[in-house]
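Two complexes, one shared chain (chain A), two partners (chain B, chain C).
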Partner chain A sequence: MMRKVLIRLLNLVPVLAGISFLSFLLMRLSPGDFLSQMSLNPQVSPEIIAKLRSLYGLDQPLPVQYLKWVEALLRGEFGYSFSYHVKVSDLILSRVPNTLLLAVSSVILSWGLAIPLAIRGAMYPNGWIDRTLTGMSYLSIAIPSFFLAILGVLLAGETGWFPIGGASSPGVLGESSWSVFLDRLHHLILPALTLALGSIGVLYRLMKSSVMEVMGKPWMTAARARGLSSSYLRRRYLFRNAVNPLITIFGFELGGLLSGAAFTEMVYGWPGMGRLMLHAVMSQDLYLVMGGIMTGAVMLLLGNMIADAFLWFLDPRVREE
Partner chain B sequence: MTAARKILAKGGLAGKILLLLFSASLVGEFLVPYGYNDVRFDLSYAPAIFPEMTTSGIIVPVLEQVDPVTRSYRPVPGKTARVHFFCRGDRYHLFGIFPSDRHLVCADSPGRISFLGSDALGRDLFSRLVIGMRLSFLLSLFGVAISFLFGVTAGLVSGYWGGWIDSVIMRTGEVFMAIPSLYLLMGFRALFPPGIPSGEAALVITGALALVGWAGLARVIRGVTMSLVREDYILAARASGATPREIFINHLLPNMSPYLVVAVTLSVPGFIVGEAGLSFLGLGIAPPHPSLGNMLADAQSLTVMRTAPWLLVSGFLVVLLVLLFNRLGDHIREND
Partner chain C sequence: MIVSFPSFFQRTVVVFSMAILLSGCSRGSVASLHLAPRNPVTGGHLSMDILSDPKTFNPALASETSSTQILGYLFRGLTRESPEDGSVKPDLAEKWRISDGGRRVTFFLSRNLKWSDGAPLDGRDVLFTYRDVYNNPKVATPIRGLLTVAGKPIQVSLKDDYTVVFETSVPFAPLLEELGAEILPRHILAPAISSGKFNQAWSIRENPRNIVGDGPFMMTRYVPGQIVSLAVNPHYTPPPGLEPSPGCPLPCLSSIDLRIVGDANSQLVRFLAGKGDLYGVSPNEMSLLKPAAKRAAFTLFTRGPGLSESFLTFNQNPRSPIAAYKRAWFVSRKFREAIAWSIDRKAMISIVLNGMGEPIYGPVSPSVRAFYHQTYPIYRHDPQKARDLLIKAGFHLERGRLFDASGHAVEIVLLTNVESPQRMLMAQIIQSNLLDVGIKVRVVGLQFNMLATNVMTSFNWEMLLFGLTGVTDPHGDAAVWKSSGFLHLWNPREKKPQEPWEAEIDSLFEQGSLEMNPAKRKKIYDKWQEIAHHELPMVDLVTPDGITAVRKTLGGIRPSPLGGVVPHITQVFQKARIVHS
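This part shows the complex of A and B:
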């Protein structure tokens, strides 16, 4: 067991090295750096630019620069953000929890909605519930997250049910922690729901076909013939077997989810990684862009590993392999 | 042309609609009444103006602004403009080559024929939408072609030879797939300054989207190749001295064409949504050039959505195109 985990972790090393190399390449390939932007400023003398260049190692050959950057990465140093004037790692650490909060709550929402609905849909395939939901799942797959978010803004504006913009109301910080929590939740609902609605379609279709497949298995008939109650059967056998492919594609879905989260953040003004990345790209803040790519990749890889762990935990067949 | 005939024969309703939309958008400048940057400040956020049949011919009412703050309009009593067919209007180059100024319909100035309403600068939304849709089509076809070239080559090489080449290609692909696509897109976009002209931006976006898309495809093709390589006819071809290139082109590609067609169709939506998303964020096609994404970005604020809800149409068009392409892919898969 330990050996398997270790091998999995070791397999990550080349991928992480590749990602770091790719993001480094992206940064160094760009025609200018932040200093060339700064050198356009007449108030900054060429000497200062040259000094900064050597300070950040920009005058050294590329392989040296890459190794230096990797070494700094291993120490948790992502470099310095030139548009925010703070360390990139501080910026990222302040934004990652918001993105994770959004992503995790949308996963809870979409799985919590899709799984029971899919089981219901599979019980009566081509019933009116199933037909409505299948139709909606096509829509859910086709609608881009940013458009859904815009429609969400419209909904919030017309009904006044949800606050728009940011992750907290101004002035709430002085109040009790309970009202801070409620305020945060209130701001979270709409972005999380937007994101969840976008991924529910795939989940519904996959879960439904999986449930139908499991229901057709001979051991299901056998279990039913022995008089197991249908609710026990659903919980103990059907769910645990049918949820397997859902967890397997979780890693794949997560990439789309993080991208969707970035769009959602930008439309709703939720202070997460996506908005930070957009700002970084707009202001050509290259260390921040690279740090963002690395963080996105690490979030995705971690998500994959958690999915694998779940699968191992839920499915004895995976454990015995 | 054979591709078009195939879509008509095998694509079902979705294929027919898509083919119609695509061919219409190719001659879009002729079909729409105005140029994409025909600014009319007096018609900012004006609603749709439909032609009416009367005894004296087809006419449109002439609108005047009642309140410049709420942008409400009313028809000027007694004042109308005639609608003409095959008339002269804004200049354009058909297919980018033939100069012309003929339009299918237009209205005498100062009247305006407008099926979907106008945007903030009083430009006709319908005219912009058609041109933006063509950009989506062309960009995604071009992007799919590039990502296929790379993806299919990588997949074939990987699956055919295996060994260390396979490992290198697959590990590289994993690196690309381990980065959330929007993050990778933005990182690639950061290579270029934010305000590059639309033509270059279109190329950059296409490249970025192809960069994101090739890895997933390479994986699929690799799997198919690995199973096909074991077939007897490949063994026979090899034994009779066919070069790998001949095997790829004469045996492997034709045999995996059903997968390829479905994969092409199902990867188009990614490009359409990707272009729209990047342009929406201001990282893609820049105004005044219309794209489904940057037109939707105009509708972002709540006040604008309340004044001119028709600006959301470009978002609905993206949804429609994606639905149609998904349907087409499903249809081909089911009928093959």
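This part shows the complex of A and C:
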């Protein structure tokens, strides 16, 4: 067991090296760099840009830049952001808690709703509940998240029920922790709902078909024929057998925790990773983008590992292989 | 990890769906905002939304508006620019004397100036700022280029604690305007210079209260991605000649909140819901905002034509890889003039700018009254005149298509940057205008950096639709208009001027920067505008009117052509507040 985990962890090294090299290559091969935006400004002469370029180390050959970056990475440093003149790790760490708060609450919402509803839907397929939910899940799959987010902002603007934008009210800092908590929750509801509604459809459909498949299995019929009650079967066997495909999805969701909410964050003005990274990509802030990509990649790989570990834990068939 | 979808598509979808939704929702279902007057008006609060986080709090390193907008409240320079006409006014320096034929400018600082921490501000800070920061090769500042005259850095010295002398090797007329750069506190930043850590100093990780400035406000709080809060600087001394609003000190407001809301649509919804006092309106939002003005208690102010304009230019560069016969069209003055007559600027304004813009026929915006010169003829939309000119220039029409003397069909690739939906729309209008005179145009939208590479490095382009950062002093455009300039787009960095009129413009810009007498200086730049208007290396198109929605809670709004609706934040006051009934 420990050996397996170690091998998996060691396997991550070449994968991460590959991801980092390819991303670095793509960033550097795309036309221009962080300073190109200044090149069409009459107030900034090419001589100044050249000086800045050497100050930032952008005039060195690609392999040298990459190796320097890797060397810094091995020392645990992501480098400095060009536009902020601040350590990349500081920037990312300052945004991670907000993004995690949003992503985790949306995952709890969507999974907490989708799984019980899917089991219910599979029990009575084509009943009115299932038909309503199936229709809604099509909508949830079809509507892009940024559009749903705009609808949310409009709802907030028209009704005044929810704050628009940000993660807390300007005046609330410095008040009691209870009102700070309530204020955060108030700001969180709409973005978290938006994200959850976007993924609930897929989860519902997957879980429902998986449950129905398990229910049609010959061993289910056999168990029922031997007199085991439906509710006992449901509690003891159904869920554990049906949940396998969802665990793989769960792995991906873990991986996407930091990056999956980008559009929603943009529209709601949620101060998370999404906006930071979008601006970084658009301004070609090389080391900030690399820091973001590496964090995302590590999260994805770890997410998959955790999902595999769950499967191993839940499913004896996987263990025996 | 982030997929950026085409912003043009997104904006179109969004504006369209918002129009439907808002027109559906705003019928009576939403409560109007009620205002209660404030008396006295002193000590008010202002809040507005900004699009992105500041990148740095260090004025020497700041290069984009998300930082400079905030720093503008916290710092000031020796001089400032009049928002009315672009002339130079005193700020930290109460007066100055020009001597030695324009080679020496002596600034006399106001006495009793203080930094926001109470420390005295004097000439030593000015010397530190210019000598140790802006002219320091180790500092990553884009300002240094401005402070080089005839290839040599400007010399700064102290006569006494309140008298600073700037010396140049040749007279340099735009010097006064360029010395508006922010002065930095020596007592705080000198250690960062001597330890070589200046490029990391005053980053956004710095405690906002440690940013010591000399502007009307100081920072009290910065929460990344959420808010920047400012409070009045108790040690602020207003510049000489700045009139306070009635019943107000300078500044009148006591605090400002800048909320960071990254999405323009969310900002719009927030403003309509009563959040924030100022909102910069883009032309396609006018139809949403106009009907809501009464309910949401705001007024739309227009400051008139601004500095940003768009133009068409043609590749005349012999070093470029484009076909020689095509370059021959672009070098022909008559051809360029024909293009100028073909463009329907009125259509551009009504389609692209929703009627909120002005046609532009020359390189200086009419709002820069200190330098604008009216030139004739005015290139109105006249396709017949354009066709006549083209035929005079040796072209001929066959079944509605234009051919040159050697039989090449006139087909042109028009390049523009794809990030700007407005420019993409303008390109389509140009395409159809030129088709009317028989010219077939293919529009290619490129991502900004690709465009810059094509135009500046490989010279692989034919016709370009673009806009440059506007400036008030014409000398700021020297890089564009001098034949040796790096942004002389149609033929950059010429060894010697290719055309006689280019040589003439070169000498005018030379004279313009040496002439210290404003009236004589204007004459020089008038001549330049006449040549530019006649030769048309750039065909100027339109400029948008700056429109700002201002909540009726604010007073002291003074729309000005160059400073927007709030040319000086100190004059603004809060005359009412919103009451929630």
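The definition used in the following text is that the second predicted complex is superposed on the first by the 264 of 321 C-alpha atoms of A that agree within 3 Å, B and C clash if a C-alpha of one lies under 4 Å from a C-alpha of the other, contacts with A are read in each partner's own complex, and residues count from 1 in each chain.
Keep in mind that, in the parts below, a contact is a pair of C-beta atoms (placed from the backbone, for glycine too) under 8 Å apart; a residue touches a chain by one contact, two chains touch by 3 or more.
Note that the structure is predicted; figures quoted are calculated from it, not measured.
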(message) On the A-aligned overlay, A:Ile141 touches which partner chain: chain B = first, chain C = second, or both, or neither?
(response) first
(message) Which chain, chain B or chain C, ends up touching more residues of chain A in the combined arrangement?
(response) C
(message) Is A:Gly157 touching anything from chain B or chain C once the two structures are fitted on A? First, second, both or neither.
(response) both
(request) In the overlay, answer first, second, both or neither for which of chain B and chain C A:Tyr268 touches. (result) second
(message) Which partner chains sit in contact with A:Gly165 here, chain B, chain C, both or neither? Use first/second/both/neither.
(response) second
(message) Which partner chains sit in contact with A:Val180 here, chain B, chain C, both or neither? Use first/second/both/neither.
(response) neither
(message) Touch test for A:Leu29: chain B only (first), chain C only (second), both, or neither?
(response) first
(message) Is A:Met282 touching anything from chain B or chain C once the two structures are fitted on A? First, second, both or neither.
(response) both
(message) So in the superposed three-chain picture, is A:Val96 touching just chain B, just chain C, both, or none of them (first/second/both/neither)?
(response) neither
(request) Determine, under the contact definition given at the top, whether A:Ile306 touches first (chain B), second (chain C), both, or neither. (result) neither
(message) Shared contact residues on chain A, chain B side and chain C side combined as an intersection?
(response) 30-32, 146-147, 150-151, 153-154, 157, 164, 259, 262, 266-267, 274, 277-278, 281-282, 284, 292-293, 296
(message) Quick check: in the complex, which residue numbers of chain A touch chain B?
(response) 14-15, 18-19, 22-23, 26-27, 29-32, 138-139, 141-144, 146-147, 150-151, 153-154, 157, 164, 254-256, 258-259, 262-263, 266-267, 274, 277-278, 280-282, 284, 286, 289-290, 292-293, 296-297, 299-301
(request) Please name which positions on chain A make contact with chain C in the complex. (result) 30-33, 36-48, 51-52, 55-56, 80, 83-86, 90, 94-95, 98, 146-147, 150-151, 153-154, 156-158, 160, 164-168, 170, 173, 259, 262, 265-272, 274-279, 281-282, 284, 292-293, 296
(request) Please give the residue numbers of chain C that touch chain A in the complex, ascending. (result) 1-2, 4, 10, 13-14, 17-18, 21-22, 25-26, 29-30, 47, 49, 52, 55-56, 58, 61, 63-64, 137-138, 140, 142, 144-146, 199-200, 203-205, 221, 223-227, 229, 257, 259-263, 265-267, 269-270, 272-273, 275, 447-450, 452-453, 455-456, 466, 468-469, 471, 476-480, 486-487
(request) Please name which positions on chain B make contact with chain A in the complex. (result) 171-172, 174-184, 186-194, 269, 273, 276-277, 280-283, 296, 299-300, 302, 305-306, 312, 315, 318-319, 322-323, 326-327
